[in-house]
Amino acid sequence: MGGQLNTPPVNAGDYQALAQERLDANAWAYFAGGAGDEITLRDNRAAWEALRLLPRIGTSLAGADTSVELLGRRWPTPLLLAPVAYLRMAHPDGERAAALAAAAQGCGLVLSSQASTRLEDVAALVRDEAGRGPLWFQLYRQRDAGLTRELITRAHTAGFEALVLTVDAPVSGARDRERRAGFRLPPGVSAVNLPPPSAGGGTLLQQAAEHVLDWAAIEALAAASPLPLLLKGVLHPDDARRALSCGVAGLVVSNHGGRTLDTTVSTAWALPRIADAVGGALPLLVDGGIRRGTDVVKALALGATAVLLGRPQVWALATAGAPGVAHLLRLLRDELEIALALCGCPGSARIGRGLIAGG
Amino acid sequence: MGGQLNTPPVNAGDYQALAQERLDANAWAYFAGGAGDEITLRDNRAAWEALRLLPRIGTSLAGADTSVELLGRRWPTPLLLAPVAYLRMAHPDGERAAALAAAAQGCGLVLSSQASTRLEDVAALVRDEAGRGPLWFQLYRQRDAGLTRELITRAHTAGFEALVLTVDAPVSGARDRERRAGFRLPPGVSAVNLPPPSAGGGTLLQQAAEHVLDWAAIEALAAASPLPLLLKGVLHPDDARRALSCGVAGLVVSNHGGRTLDTTVSTAWALPRIADAVGGALPLLVDGGIRRGTDVVKALALGATAVLLGRPQVWALATAGAPGVAHLLRLLRDELEIALALCGCPGSARIGRGLIAGG
Amino acid sequence: MGGQLNTPPVNAGDYQALAQERLDANAWAYFAGGAGDEITLRDNRAAWEALRLLPRIGTSLAGADTSVELLGRRWPTPLLLAPVAYLRMAHPDGERAAALAAAAQGCGLVLSSQASTRLEDVAALVRDEAGRGPLWFQLYRQRDAGLTRELITRAHTAGFEALVLTVDAPVSGARDRERRAGFRLPPGVSAVNLPPPSAGGGTLLQQAAEHVLDWAAIEALAAASPLPLLLKGVLHPDDARRALSCGVAGLVVSNHGGRTLDTTVSTAWALPRIADAVGGALPLLVDGGIRRGTDVVKALALGATAVLLGRPQVWALATAGAPGVAHLLRLLRDELEIALALCGCPGSARIGRGLIAGG
Amino acid sequence: MGGQLNTPPVNAGDYQALAQERLDANAWAYFAGGAGDEITLRDNRAAWEALRLLPRIGTSLAGADTSVELLGRRWPTPLLLAPVAYLRMAHPDGERAAALAAAAQGCGLVLSSQASTRLEDVAALVRDEAGRGPLWFQLYRQRDAGLTRELITRAHTAGFEALVLTVDAPVSGARDRERRAGFRLPPGVSAVNLPPPSAGGGTLLQQAAEHVLDWAAIEALAAASPLPLLLKGVLHPDDARRALSCGVAGLVVSNHGGRTLDTTVSTAWALPRIADAVGGALPLLVDGGIRRGTDVVKALALGATAVLLGRPQVWALATAGAPGVAHLLRLLRDELEIALALCGCPGSARIGRGLIAGG
């Protein structure tokens, strides 16, 4: 995995350092950067680190495993690759590599609608892999409603099993790092599943008004979807509560990896409050700053069924392609198993909030 | 905007770095410095950064805009340039440049009584600009009551629409940075609207006693003023409550940008407490450490109608004159629009405290 | 104590610096490292530092001393050397040196089952020393129950007075620092009291399931043991409460020096909660981050009868062998006496929680 | 004040930097160092900095001044020089310079019993100065009761007006910085008012037992003293309450400048709790970390009548002798006047706890 390395990477942070050496400044600014002063970007990480575990002793671990059940399907490891745009900017194998690695490690994949590989090609590659995790497709509201319907139909036909509707980004965030770097997509990388972007008119607020999904629109999309629809980007408990009656199949607690609105609450802050709000009536997922097996344990303890990994997949992909991503997922699964054992938890599905000190 | 730059500034912080390169040590010490150990100077900034936003999804943004209404007048953007002395020390165009930029961007201007340009000249330049924001004049109590009356009359005649009476500085703060730099006004820059300063006698406390305005004096000034009078420098909720019955038209929650009393409370700390104290009975403005569109959203959420920008205007002015200030204001307006959209807020006037986590 | 030193070490931290110069990178990674990002490793130390003492004046110190009584035996100083594996990797004299130093200073010794010296040899060296502290043996559950019984018999026969059963490590932690260093035991150093390790099968969770001790197994071990049995690795108050009825003689509040599960609670956090849970019904000991006499005072104030020292013994041993460890223990005893005097406490056994501000 | 300076010192911190350049490592270790890891040393400073002022507007400052009344005597400025040993190690003029400076600036002096100048010489120099502050003498319990009585008689005869009995140091703290520096008194500097120290026997705890003053001994000393007796080194509210009935004339809230027991509570933490405990029945003074006029205002707001300055007097003395100390005191008085004016407080004696946010 890279002959020039002194030692192989032993955790996600090592992959971050390796990726920064390999990616050019343009790609690094895009993948690593966040909105504004990147306070939320740092907060996401810091919030998981700040939680303290209160492990138990004397518990039998007979029959312990990490598998979870979600949308009627059981799979080995409560990890999914989060939707990340333009993975071919990180490595020529791009989304294909990510999908193969996830399937090989029993993890799920959420393909970005801004993927740089045709969604049909990705799905065909892993759809029939035994032991793989879920295969989902992420989408934004397009200004053209017909285009949204077409994307959904294509994803359904290709074999995706659920849709993840991103609701927290009616406009792009103020990504100062990208702007300073003068970021541009490199030749040959584009959002191949979408038509070329057209410049909108009016103020930024007016442009946002065209892209925002109100609750009526969300309900209509859920009702019309041939696939279960999850909402991604929920932070407010009242919104989670509202979502209970709009026909969605789950919520992803997310602040878009700190890439949209700087100084939002961290996802580790929001998750338990949202879990309280929905009271188990909807499955919850979470992303943002998860880098360690102990972070996964904490997310499960606070009410998540599984977690999504954004930047770490990019780091491993940029470092070593599919084997890199597979290795990263394996490291995280090992860390998760160790953490579960040391917490005295016999499995992913049996973790209570009492595992968090003061939780 | 400066050929020697690698990239154009993308936020207020970039302008700060650029200004520090351009200004000499004397001017930088004056504009950048604060009182004592500059704890309040840093606190002001840190307090806005520390607030966490709890954005909403599913809200329509139809008809969204950033306009506000204040003292019977609607204007496009809830930003004003705060009163800053001696702007010609930052750029030859000084107060003229600031006024033009504010008017061009639909923002307000509060001219300092220590301006280095005649107040009549500034007013004449922008008074008739369509789409400009408010045009206000700041004043201190002068030892000579006749002089205070004369200044008010001049401001009124020139076309200023309100007076902002600074009440938090009966003596100068202990500005150690200025003293270490041996600060002196450069040739050709002075407070042209005021008579030359005369040295007072007695102890510092006795000198302060001559400049302090007690409530009776404030009431008398408000009653005699031909223009609405706002008080600037209020931090204590009891003082805000007391101000309700003294005939003023609004309050500016301010600690003088950390330039007077070090280790006061930050303005972000004081604002919601003062909002609770006045219960909507007086419009509130706030300054101190506001550098981001998200800071503006937070100030509005905590009860302000608009915010004042102090040091950032100096940075942009020193960097690029009027175009610099206009560009800075445009960056902030864009950040504000993005933040409103991402918070699910359809406009400046419709933000509640629930937007702040724990607020 | 080392001719190349400018000044002799005056506290435990000095020994840390000296040891880092003397040990090779392999040994340093093993002894100094912790699990994951070493957050708990740092937390342990920070938590003792963060506690604030509220000393008393006007108290007589007549008859003051530092002695404590534990398991029916009174000894001079409430300090024990914690079980640390492979001490011969730190110094050729290894466990022998540690044992001699502890006995000479009236401190206790807990020999690791992974000691690099035969347990009989260590016991024979100090068993009959007058004025020594307790002589205990630490053990893990072995996959082979017969082996566990055999170790207990050997320890009993050799003269150990109690067993310390480690219950917080059914698998090894994710020791990233060791993995990065490619840690290997040097030639001639091994766990001489145990059979060579055999690779287990199955997932990490399945391997953990074989090593974990459930409460029934703990009760059985305690019932069968010819020696008092203490549990080491208790952090949860409910587990401490559960331990009251399983026949053990004491608890060691420990997170394995931050070497197993990263981001657990610190031991200074857990100790008072466990003291409340057991209400004096079992003696408590504590380790993790104790480096100062004031830390010892705080541990006693929060409910411990004595404390264990892990890494500091390694630092002193690596620096100067047995004289180093003896000197370190003497420094700590002096610091403890000074702290007791300055707190107005006439002795180790008479410290209440009121000594801790807010405690 | 030192030709090699670029700019004259403008605050106490500047004097610290200047003194460090002038003093040798031996003297610097003694004066600057604290106990252990110097956590309390830093805490003392940080605790004053962390308090936030909530200033008032609209208050008349007519008749404002900084004078205070204490033990039946009114004096200009609520500042005293704290007892510091061996001032001749900082400057040849030593205690004489400190005394002259204090008298010239209307501040008080507490002469250390470990002064390096005869107490009679110091008193004779300033006793008859008009406008000086209080002249007090500090003492420790001596092992020889006759010696204690003799010292008191000498102080009384020389013209000292009160005694300050230090009760927080029955043994020396663990001053690691001094020990690392191998501190020794330079030739010609000694505690000239005391007999040469004799080595005590027994353990540190036994030595402490001989020097500690229990409440009975304190009461006896107070009853026998021809001068008012203040206790220095009180941190616990219960001890302050106990002191109400032992005949003392005041309390100095102090942790010995962080030089005895590391990780005690800061004096800013203890002061308001002690003020609550004594309810105005005894005058309170405070020292530890006071470096700014705002710190003095905070101390007065939290219940102190005056404050003591320890290390700053050494810094100014080492830098420039008596003129340095006088200049430092003048800087602090100016800062105090500015702070009072900006807080809207007409004088030292009329500051309430409401001035502290959350206080």
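Going in written order, the chains are labelled A, B, C and D, and every chain counts its residues from 1.
Simple rule for what comes next: a residue touches a chain if its C-beta (ideal position, glycine included) is under 8 Å from a C-beta of that chain, and two chains touch if they have at least 3 such contacts.
Predicted model only: the values in this text are computed from it and were never measured.
Among the remaining chains, not one touches chain A and also chain B. Ranked by distance of CA centroids from chain B, the top chain is C.
Different-residue interface: chain B and chain D share under half of the residue numbers found at their contact. Chain A maps onto chain C through a rotation of 90 degrees [Cα fit, steps of 5, range 0 to 180]. Chain geometry summary: the mean Cα position of chain C and that of chain D are 42 Å apart. Separation between the centroids of chain A and chain D, computed from CA atoms only, is 59 Å. Within chain A, not a single residue touches two or more of the remaining chains. A complete list of chain pairs in contact reads A-B, A-C, B-D, C-D. Within the complex formed with chain C, the chain A residues making contact are 7, 10-11, 13, 49, 51-66, 292-294, 298, 334-335, 337-344, 357. Contacts from chain A toward chain B in the complex involve residues 36-37, 39, 167-174, 176, 179-180, 182, 203-206, 208-209, 212-215, 218, 231, 233-236, 238-239, 242, 260-266, 269-270.
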